[in-house]
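Data first, discussion second: the structure below is written as structure tokens.
For reference, chains read A, B, C and D in written order, and residue numbers begin at 1 within each chain.
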Amino acid sequence: MSKRKGALQQEQCAEQSTPQASLLARYRKIRKDSESICKPLQVEDYGLQTMADVSPPRWHLAHVTWFFETFLLKPYLSDYQEFHPRFAYLFNSYYETVGSIYPRPQRGFLSRPTTEEIYRYRAYVDEHMQFLLQNISESRLDEINIRSQVGLHHEQQHQELLLTDIKYNFATNPLCPVYREQPSVANIPTQDIQWTEHNGGMVSVGADGAEFCFDNETPRHNTFLHPFRMASRPVSNGEYMEFMDAGTYDQVDLWLSEGWKTVKEQQWQAPLYWQKVDDNWYYMTLAGLQPVDISAPVCHVSYYEADAYARWAGKRLPTEFEWEAIASVHDPCKGHFLDSGYYQPGAATGSGMCQLFGDVWEWTQSPYSPYPGFTPLPGSLGEYNGKFMCSQMTLRGGSCVTPTNHIRASYRNFFYPRDRWQYSGIHLAEDA
Amino acid sequence: MSKRKGALQQEQCAEQSTPQASLLARYRKIRKDSESICKPLQVEDYGLQTMADVSPPRWHLAHVTWFFETFLLKPYLSDYQEFHPRFAYLFNSYYETVGSIYPRPQRGFLSRPTTEEIYRYRAYVDEHMQFLLQNISESRLDEINIRSQVGLHHEQQHQELLLTDIKYNFATNPLCPVYREQPSVANIPTQDIQWTEHNGGMVSVGADGAEFCFDNETPRHNTFLHPFRMASRPVSNGEYMEFMDAGTYDQVDLWLSEGWKTVKEQQWQAPLYWQKVDDNWYYMTLAGLQPVDISAPVCHVSYYEADAYARWAGKRLPTEFEWEAIASVHDPCKGHFLDSGYYQPGAATGSGMCQLFGDVWEWTQSPYSPYPGFTPLPGSLGEYNGKFMCSQMTLRGGSCVTPTNHIRASYRNFFYPRDRWQYSGIHLAEDA
Amino acid sequence: MSKRKGALQQEQCAEQSTPQASLLARYRKIRKDSESICKPLQVEDYGLQTMADVSPPRWHLAHVTWFFETFLLKPYLSDYQEFHPRFAYLFNSYYETVGSIYPRPQRGFLSRPTTEEIYRYRAYVDEHMQFLLQNISESRLDEINIRSQVGLHHEQQHQELLLTDIKYNFATNPLCPVYREQPSVANIPTQDIQWTEHNGGMVSVGADGAEFCFDNETPRHNTFLHPFRMASRPVSNGEYMEFMDAGTYDQVDLWLSEGWKTVKEQQWQAPLYWQKVDDNWYYMTLAGLQPVDISAPVCHVSYYEADAYARWAGKRLPTEFEWEAIASVHDPCKGHFLDSGYYQPGAATGSGMCQLFGDVWEWTQSPYSPYPGFTPLPGSLGEYNGKFMCSQMTLRGGSCVTPTNHIRASYRNFFYPRDRWQYSGIHLAEDA
Amino acid sequence: MSKRKGALQQEQCAEQSTPQASLLARYRKIRKDSESICKPLQVEDYGLQTMADVSPPRWHLAHVTWFFETFLLKPYLSDYQEFHPRFAYLFNSYYETVGSIYPRPQRGFLSRPTTEEIYRYRAYVDEHMQFLLQNISESRLDEINIRSQVGLHHEQQHQELLLTDIKYNFATNPLCPVYREQPSVANIPTQDIQWTEHNGGMVSVGADGAEFCFDNETPRHNTFLHPFRMASRPVSNGEYMEFMDAGTYDQVDLWLSEGWKTVKEQQWQAPLYWQKVDDNWYYMTLAGLQPVDISAPVCHVSYYEADAYARWAGKRLPTEFEWEAIASVHDPCKGHFLDSGYYQPGAATGSGMCQLFGDVWEWTQSPYSPYPGFTPLPGSLGEYNGKFMCSQMTLRGGSCVTPTNHIRASYRNFFYPRDRWQYSGIHLAEDA
């Protein structure tokens, strides 16, 4: 962890001298990043919502802006005039205590406000936010700083979602549109898997307070692990093809009961986005339809598929604490992240434990639950995480569309076991 | 009928000297009209599909173009190169015998081709169509002429649908976008209803061959009517409010069994688009939210509501042949049509039978069935009408968004009894 | 028609001397018939409801009893005490104006009242009905007689439904239970189809008042027919197999649009109840699984299938008035009816027009609509027929499970085009 | 734990001298118990399935019998002839590796085999099982003993389900049938809640091998607890009424996101089975509709309601290991069980920790997951538990319809968070 902290401090030092200045710089950068992500889009692409879980790019851009307006400008900037009286209704995602909410599955029905108007909304809020950040009174510095950090990490989460949702939207189109052309990747041989052993025993997990975290990572606490081993890299596409070729999508004994039901109802035969063309596997990427890279980590699999793969391989998925115990001694900046501009998981290179961070979110066998002593943030921000602690599974480590520096060892992501549109993959463990 | 034929001939004479030239002029005008209708739209509006029955404006523009490409350019223009290899799949509506069809409920998922590309598609097809129409060999004149007429009437149908669907799309948006501002209408007093009597007996119905018709209007044939009376105008909004105020949406004995079920499931309390603001009724129009005009015909009601209104009023709906027997002696150009640019039904003025044509499509009590001896068009065009002759009701007379000159006394429109997003209204009849 | 009237009168004369006595005898017979139908059932079978359209036998027995209690005993028998305070709620089928109604899809959830208690309910109501019928005051004779006739015809309709629903229930059971063993039928060769011509012109249709009828058969009125021909018998199973073998369930151009959608969604490949065993077709009957009789009329087809068959054969379905024009000169007692105890349509024998009545209900191309001048019965009995006049198709002629003497040329049955669990078949017509 | 083991040994000693004899006696008793439970039923009640989760009593009786036939008679009794060739299909619940499975939601569609035949099936299997148990070869003693124990515990689970499902079935009937009359209960005052503190630290959880257990309770392992306190009894109906009276079913901030959605969709306002009659709360019981006993534990609540109640009360639910740590030092025979014949949770009496066992299953905050090192049973019995370890929550302690001696401190039950038809209640904990 210390490596990154050092890096962050340097970055900071180089540019700014005060916490306010640093925060302001960070605000500008992250806000600009979101718009950069949308640059390759046509106006038509901004409004698409091709399933209920996906939001239109335009909506993402407005919603993250609403977050600053709601949780910073309205409470802290006196005489602030909201940009539009109905935006609080249209762009609230799920904060029920803030007010009524426009129905999620209909976000794609809003051709107005237009994309241009939403960019004006962004500019308006940015202008006021910059004023606020430049004029924070000492007494409110902490409060505003914390909320701004939440807002910026929230926006980074939506940067990942922007790319994730654009991919899903484009993949429904028979024309297979290209978001951004990519040079084809040189073939990298698949690394052998090594197994790292951990002796178990009492470990401390959860955020240690050294950097920003979400409330669901707290409190840091002790937990007891049994000895285990963790694979040195995620399962590759080539390995997953072997699993598929073994007829596993038709072998009931490999699957959780819910998983089998889903596989049959949805007629799954391969990960999301895969299709066979002339007997070869291709997958949809943000660079269009491409041949499957057999050395890269398999991606866009559900928890059910991750669990079935592990059972077939005679292994298991790690718990989130096993994962964290291993990950906390590795550098969270190593791996492929959004900033690389590649937007696909890449093959592992080098030796030793790798790709814990970046490339693919790793399904753990841990249901998403509160930590002992967990208390949500006060007020409406308490709805950020806590109310979803039911029926979902924890994923760890970030992916190739996670902004670098957004991820950390204690970071907990969560999705339903059936979800596949995220960049989710498989990292094996076993009892030692 | 003769009046219009005269008018059409004059129009024709004034401008062109040959049938080809006339056809070409008509082609250009109608194609241009579709684009004019879309002028007030933002790029964002072109892609919206807010329910399965509605198509995005962009899709309408491409689909009518596909119709010319498929049924005219490909069969009749040698060496014609299709504009794009996948458009035949994307823009086929329901012609199963032509090839596979992109799923209707997902038309709104296609952000590509962009609007601009679809306009290029139109230009490309127009260019080739004009070449074709200017170079028809005598031997194929009839065939090409008939198919072109079908294509142009088809496009006119989609002009009506464009406005109908834009209205529906905009009405789902809490911001109530305005398609085109309208001056407010001077209050016109509601005309008293007069009753026109018809003695019944044998009448001839169906297209008489004097002008273009669809196959579902043929063959012209005799049918026997019992004496009846027809109201001089459609039911007004004010009259419909009386019906609502009588608590009829909660009186089971007024409704068809299916109607009652639908009313309760959908929680209908008023026509589509109506909402109460401060105890006054407003409705969504293409000019935004406006106060209900009590003298204008009630519009956007289902067959169930039309039928229940008639029962409550002690009357009934006419059969389609009663309607046609009356309408065939009236001028089909009198009434409010698309060309007026008002896009709302207007109050009846003048005396005598009025608004049989234009303003609102009139639900008849006739299920949509084939005429005795009906034969669909040969080939794929036979899918135009015949395969829908089940479970739908016939509507007659056109509406305020029907292109003038598109409607005629024998014209049969058809929708499901539950449908309300069309400009559908109520015209009463009774036994004499 | 006169033949049967004669027969009825004789029957009557032989047994009774007064209208009251005759009515009473008829009441006793029909009530007893319902119970005879249920004799082969196990207690367990009485409660089954295997789809929403089907009612448990027990429920049928109680509902027809509730009809007499509600429409005769309560209004006409002073001091009548209802058998149970909640039965009016449980056994009302769809008479909304009578009171609230237990949800139809949950009729199978009522293990209580037990079968035995329902038989006690029947006995109680029978006792009081017999008292009422024996003590009718002159002044109310007409009224009570009419309502009793409605009640008895209603019960006969439910006798058909009892067998129809028992068949459906049993067919869902993998054990293929037998309702009643049947001797196997000697092979009867399939008759050639003859075509009977009708010159068309004005005909009178609807009930002529000579015997009992439902309100939907009135008023008798004139209608105009075009010349046509009618086949001498329904389409046979063997003929339908040729249709199937021609790959028609996969040929889109043969089907109505709704029909095609239904065929694909439901994965229909054959009539309801058919299954292939070792390459031979069998069907479920009330005598268990049996080889398909190729000479017998095809049965348990939807309107969509009847319509597609006719299109494939180059013919069409008759209108209900064409059917009636032919049928009204034939004896309605010729054919296989419930009383034969065979419960399957049988092969046509003899020469000339046959099986218009009995064997299979014949889908017509006529949507179920009100006759000109139709007025429903006054009061709640007005809900019997009129409110269903939407989206359904008319069937004519009765079936092999219709009680003999229940059917007549003007009788109109009606079901949704997708319905197949009725004994519904195909009778072809063509333009002359 | 030792107390019960002593009791079991004594019971055993008093009656039998060998393990075989003891097993045989236990077999006879438990098989007879299932039939005793069904004695108050009418034949009609045996076939009812009023929702997909519920099975007909008849089906339960056959399924537990199929279990012995499949896992004992077929593999271990040479020349065993199965009772009926299709029963393996009809009465397999979810053992996919054994063969194809009759669809669960249609279990109520099977009027055949009749109840009588199923009793014959039971007698046939019992006869053969008794022969098998009396003639076990030494070499297979262990194997057969273990499988028999599984079969008997399985049957005990279904005894609980029989009563649970009968209650649900009867509660859908507007006549509120009585399964068995109950004397009304003397009013018992509600005990004050005491809080028992646990210091946390390392604890051993899971089955210790001293008595029978299911695979999901293994392996016994260490886990680390943080200090906590546990309430001395479950939440009472009276306390839950306070919660309801506080308007909590309309306060979004008290609910998990999924819980809120469910509450609104299902329109929950109270626990399952509660209804207001003249402003007083009643609930459906197996003795019919009864006034709510305010001192008895609240029952038939979902996990969402348990969680919301705890949040409202400023407490939380225990983890399953906290629960087990406390329970393992208490007598599992204290509390109300099936054998009491009361079938409702009763008010707590006495002092100190009570009702951990019996009365109501207690929702824990622990998702149902495998223990570290968990291995399912080999073969098809491995489907018993493991494949359900996803999306469900663990419940502990048994209920008033659990057979006495069936429960133990390590016993894990599991249901979906939305499920309410089980006898599920709330036991509070808090951080110490």
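Note that in this section a contact is a pair of C-beta atoms (placed from the backbone, for glycine too) under 8 Å apart; a residue touches a chain by one contact, two chains touch by 3 or more.
Since we're looking at a predicted model, the values are computed, not measured.
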Inset, instruction - Moving only from a chain to one it touches, give the least number of moves from chain A to chain C. - result: 2
Legend entry - Distance between the centres, which are taken as Cα means, of chain D and chain B, whole angstrom: 61
Legend entry - Where chain A and chain D are represented by their mean Cα positions, the distance between them in whole Å: 39
Legend entry - Rounded Å distance, chain C centre to chain D centre (Cα mean): 48
Legend entry - Residue list for chain B, restricted to those that touch at least two other chains: none
Inset, instruction - If every chain is a node and every touching pair an edge, decide which shape results: line, ring, star, complete or other. - result: ring
Inset, instruction - Any two chains that touch count here, so list every such pair. - result: A-B, A-D, B-C, C-D
Legend entry - chain B-touching residues of chain A, taken from the complex the two chains share: 42-48, 50, 86, 89-90, 102, 106, 108-115, 169, 172-175, 177
Inset, instruction - Would you pull the chain C residues touching chain B in the complex into a rising list? - result: 94, 96-97, 202, 221-224, 226, 252-253, 255-260, 303-304, 307, 365-367, 369-370, 372-373, 382-383, 387-391, 417, 431
